[in-house]
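By written order: A, B, C, D, E and F. Residues from 1 in each chain.
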Amino acid sequence: MTLSNEPTRPHDQLREVQIQCGYLESNPASVLYRSGKTIVLCTASIERGVPPWMEGKGKGWVTAEYNMLPGSTSPRKRRDRDGKVDGRTTEIQRLIGRSLRAIIDLNALGERMITVDCDVLQADGGTRTASITGGFIALSLAVKQLAAMPVIGALPPVDPQAVLPKSVAAISVGVIGDDVVLDLDYLLDSAADVDMNIVMTGDGRFIEIQGTGEEATFGDEQLVRMLALGKKGIAELTAKQFAALEK
Amino acid sequence: MTLSNEPTRPHDQLREVQIQCGYLESNPASVLYRSGKTIVLCTASIERGVPPWMEGKGKGWVTAEYNMLPGSTSPRKRRDRDGKVDGRTTEIQRLIGRSLRAIIDLNALGERMITVDCDVLQADGGTRTASITGGFIALSLAVKQLAAMPVIGALPPVDPQAVLPKSVAAISVGVIGDDVVLDLDYLLDSAADVDMNIVMTGDGRFIEIQGTGEEATFGDEQLVRMLALGKKGIAELTAKQFAALEK
Amino acid sequence: MTLSNEPTRPHDQLREVQIQCGYLESNPASVLYRSGKTIVLCTASIERGVPPWMEGKGKGWVTAEYNMLPGSTSPRKRRDRDGKVDGRTTEIQRLIGRSLRAIIDLNALGERMITVDCDVLQADGGTRTASITGGFIALSLAVKQLAAMPVIGALPPVDPQAVLPKSVAAISVGVIGDDVVLDLDYLLDSAADVDMNIVMTGDGRFIEIQGTGEEATFGDEQLVRMLALGKKGIAELTAKQFAALEK
Amino acid sequence: MTLSNEPTRPHDQLREVQIQCGYLESNPASVLYRSGKTIVLCTASIERGVPPWMEGKGKGWVTAEYNMLPGSTSPRKRRDRDGKVDGRTTEIQRLIGRSLRAIIDLNALGERMITVDCDVLQADGGTRTASITGGFIALSLAVKQLAAMPVIGALPPVDPQAVLPKSVAAISVGVIGDDVVLDLDYLLDSAADVDMNIVMTGDGRFIEIQGTGEEATFGDEQLVRMLALGKKGIAELTAKQFAALEK
Amino acid sequence: MTLSNEPTRPHDQLREVQIQCGYLESNPASVLYRSGKTIVLCTASIERGVPPWMEGKGKGWVTAEYNMLPGSTSPRKRRDRDGKVDGRTTEIQRLIGRSLRAIIDLNALGERMITVDCDVLQADGGTRTASITGGFIALSLAVKQLAAMPVIGALPPVDPQAVLPKSVAAISVGVIGDDVVLDLDYLLDSAADVDMNIVMTGDGRFIEIQGTGEEATFGDEQLVRMLALGKKGIAELTAKQFAALEK
Amino acid sequence: MTLSNEPTRPHDQLREVQIQCGYLESNPASVLYRSGKTIVLCTASIERGVPPWMEGKGKGWVTAEYNMLPGSTSPRKRRDRDGKVDGRTTEIQRLIGRSLRAIIDLNALGERMITVDCDVLQADGGTRTASITGGFIALSLAVKQLAAMPVIGALPPVDPQAVLPKSVAAISVGVIGDDVVLDLDYLLDSAADVDMNIVMTGDGRFIEIQGTGEEATFGDEQLVRMLALGKKGIAELTAKQFAALEK
């Protein structure tokens, strides 16, 4: 099974990951995250205040937006400019937002809102998991930035350790024929009968499991193997995230 | 743990299910599906031809739409009339569509399109799983209807057994404190730390697993217990589906 | 003239009416209204406060929304999800709203807003008049519910007799060839040269008359006969409304 | 009762009407129609072919669009630019279209489409009836123009007498206190308890009657008086239409 | 070069201009502006207060909207009713707004907002420059009207000389073959290789220059000639504006 | 005048330009274009066929889309997701499209469509001129790519020299107090009284001039100085474009 045109990668191995923190001069909380040919620019923007339905609770909010640039795919992807964000985009950005909110302490954040934008410059499969993994780094950088700012007005100072006690990363696994494969690029994803995205904390607990049989079904044994492989991938990604943040 | 105001239901027991096939005189492929207080009207509409991107492949297509009536919740839910179907609705109808397509043989269907509409008349939790379980019944009724129609033009006759070789049902499970609970109604869902929707075939294979920690996480042991309880629920729902269809 | 496939109904007779008050357990102000094969679910939802342009006048507001479910017609009706509610829907819901506001005392209601949703489950002609007739029942149930609630804050208590001193019902009449016909179902409506909707109070005064020659015209004599037949129908519907409300 | 700031006009008298045919040099089928201070520019545009759902029937189609310019009212009216044409506009343009289609022979027109645009430059009540009355003149001018054109291709030549065998005009009447009043300007309309728009052919038959009690009701006797006064007004408008067209 | 079907006009001469101030009885700040066959109705509407982002600065705001009526062109122009104002319209109304704001003293205006609507009744080229030239007249009339009003509340009285110390007018020039031509009508515009719109103050300073090679380019010499001819036209238009305002 | 926080740059000097051709592995016609802190990703996508209104003429089409990523500015820029592309965006992408079409021979291109996407990753003024200058490079790369492709079907082979006989670049100039300044970054732009964008061919002819007094005006002498400085900048950019393309 050598569908991908990358030099053959073992089924249990991640694609090469490159993380460039502070990619944009104007926003320190920006990350260019590459996983193989997939490139996502993650930026975290901080605003004072929260959406109206959150006001007065002393809590903050984190939301995410996901977008693929038109040139990121071939053929070119049309822009979402007719007022209808497509269903796939909506699902992905809701997933990113939930994943980040699962590991942040919104009370410790105070009444601040952080928007994490994940813009895909080049898409080769795994853009949603790359967005979560890279989005966590942008979020961490934003929280560090907040902690370094002078405290103004009634908002509490920010303790990064209290705000972000855990980390989050995500990876895909799939079933292709008899194999269970880690980190599906576009070609592998097209060939997969079952596709599962796993979102976990750095300390090994599940945040989200989304497994889908694409016009196929799967049994218990395959489920167990996919989960095991996913955990291995998450552990490796977590290490890369912390290495990038410590630089 | 007696959060629900229903007479206390054991944690491993489904709500009462009522299935009324042919609810609308004008469309035999209509089902009024009740699970406790949740009421969903599922109707399947058949069209000749398929969407443009499917044309000429000799295959059919199945799609689903989901909607909550304004009076189905309290406070009243606003209609989606501003051109923005909300993210939750989009996610749910994509899930219903995928689930139904996983068990239908689109080649055996021929170039026909079936739209399954799931309109929630009353919502008390579990509307998406009720829509899948009821939607399968509407789809089965539509396929029976097709098989009974005279064949016109170039379309092949329909063999219900070939078109729908399997069945599909769905149920939710959750973690509330130390308990794992089957079939969450609104109150139970609000109390749950983890919420998982399981979509399975009648013969016990997974189509979709969506488990989410709502501002919480979960470990391996809880995952195993949720999956086991879900399987039990699916088996019971499958029996009810076939009983209703055989009447 | 036996166009309809119902057992032949005399031209001056209504279709069979069934009224099921409190159809939804979660909302007492809900009615399932059937007129022949036409089925409309009417629910009235109460909110404190009024739209911004009504604030501070001490008056309430009543509005209506009308919608046909996709499965209510054959072929399936597309949902209004592109942000364009079609002209017919807009006209009908404005008519329902005006009709209900004509018989309610908005001052006696106080600064409360009631939305009456009319969702058509099955359409066989006369959905707008069924919505008005059923909508009045839902509105009455909501006002009773309000009167039974403890009074909170500055809002005045509600006297149902003062809020709803009159009733309203509606019916269609038409001209088919030389006949004047009461209560047009879909087949009769398609055959009619002239179509008139009449909205009247229970005590016999007009609220609205909308008569349209569909690519035809009508003279004085036909107008007089249509109005007379309409009054007869309204009187019968009024009796059925009060019977249902008294149960 | 001297609400209007015009020099007092008897209750049974129309406002002054001015009709300027061929107002736009570039389109002979254009009319500037004035009724008192209400000014409507009506233009009829001809296209070959008909909407897709009309194709192949050998029939034509007439449709109308209605719009109020922002400066036509005080305070300024916002443009319909957010994709939501308001309900009132939709109702009015549907009424204009129905009224014009009631007197045109679409078979005699052949597969041509005529769009009648009614743009209100200044609004002082009665804009919908002015649009119908002026719209008929624009439509007549367009039909004359068609008849004068050389016949191209498969379309039949146009005989104006066959295409437009009748004329149409419209007027409002209302009940103010004990009076029945013809041709309501803005001030009279605001004061009216009942408002009725009557659309009739030039030979005295009804096309449309729309009578509405504005938070009021009306009885048989008022109805009879309104219809009589309306007929008188229509007869006078018909004479003015033909005078303008004969110039 | 005699492309236009008007009696031949020298290349350096404007089309005939007619200016009718106070065209609408209900709004003194209304102007019917004609330049040859191009007819634009310009109305200025005054509101107290400014948009939210301008509040509290003690300054006013002027904005413009531009629209072509469907009957203004042949073939008929579709209305902007789908929520997408086309790019050309957006550009033009931004240009009109900027041009008017360049010569008004927003501080002297006080917290008032003036909207200048430019609705094109008939289009024969040069509608954007006619809108600026006519829009200035409507704006001047509105400022005069403001000055004549009693001062209410905290707003300062208006000194027309201080609010509008300068005037603005606009004209097009173009290159057709070897000629440089003033004031392009539709036919000239279609023939032009280069099209330039010039907006200037009455005292001869540039506000805006927009020169575009339509699939062509232009050199320094042509630029110089276009600017000279444009200045000549502006001077003549300025004289006509003041003549109309002084009547 | 040292408004910018960059090391002081002489008024007649461009910001540093960096051009990275083939930035995306998946699309050779991609360029990362940097001018100082402004970063634009330009990608050109080729499709066979042209928009419907261009069909059958044997000509191609070039269009452009422009977008600022949310993280490109501070505060964060909201996405255009409500179906309303803002006026500024519309103007800019129309300008980019016109500029590129002015130097391409659409007949030589044949019935192909090229879309040039300009996505701004970081914005520090001059994004529209950077998009034109970088967009030309992406377009050139796409044309080279086309020329290297095997010719399929009826489309003519592509001769890059014939398709793109000229080049195009763009730059801004402005007036700040008494100075005329080249290449305005964000701070300079904010300080400018007059802002002019100049689009020119590589051989020194104008394609577009857009000069705007921002609540100010300008005279002949300033215009002459701005044009001279702009020409100098364009010449330097042209050299950089060719250097990048020759690598």
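Here, a residue touches a chain if its C-beta (ideal position, glycine included) is under 8 Å from a C-beta of that chain, and two chains touch if they have at least 3 such contacts.
Keep in mind that this is a model prediction, so the values were computed, not measured.
Steps from subunit A to subunit C, taking the shortest chain of touch contacts, total 2.
Interface equivalence for D-E, evaluated over A-B, C-D or B-C, points to B-C, where over half of the contact pairs coincide by residue number.
Greatest centre-to-centre distance from subunit B is found for E, with centres as Cα means. Spacing of subunit E relative to subunit F, judged by their CA centroids, is 29 angstrom.
Centre-to-centre, using mean CA coordinates, subunit D is 51 Å away from subunit F. Per-chain CA centroids place subunit B at a distance of 59 Å from subunit E.
Counting partner chains per residue, subunit D has residues 82-84 touching two or more of them.
Taken as a contact graph, the chains are arranged in a single closed ring, with each chain touching exactly two others. Annotation: chains form a contact ring; the order from subunit A, going to subunit F first, is A, F, E, D, C, B. Looking at the complex, you find that subunit F touches subunit A at residues 24-27, 30, 37, 39, 41, 43, 45, 47, 65, 67, 69-76, 79-85, 115, 117, 119, 121-122, 124. Across the complex, subunit F meets subunit E through its residues 83-84, 87, 90-91, 93-94, 98, 101-102, 196, 201, 204-213, 215-220, 223, 227.
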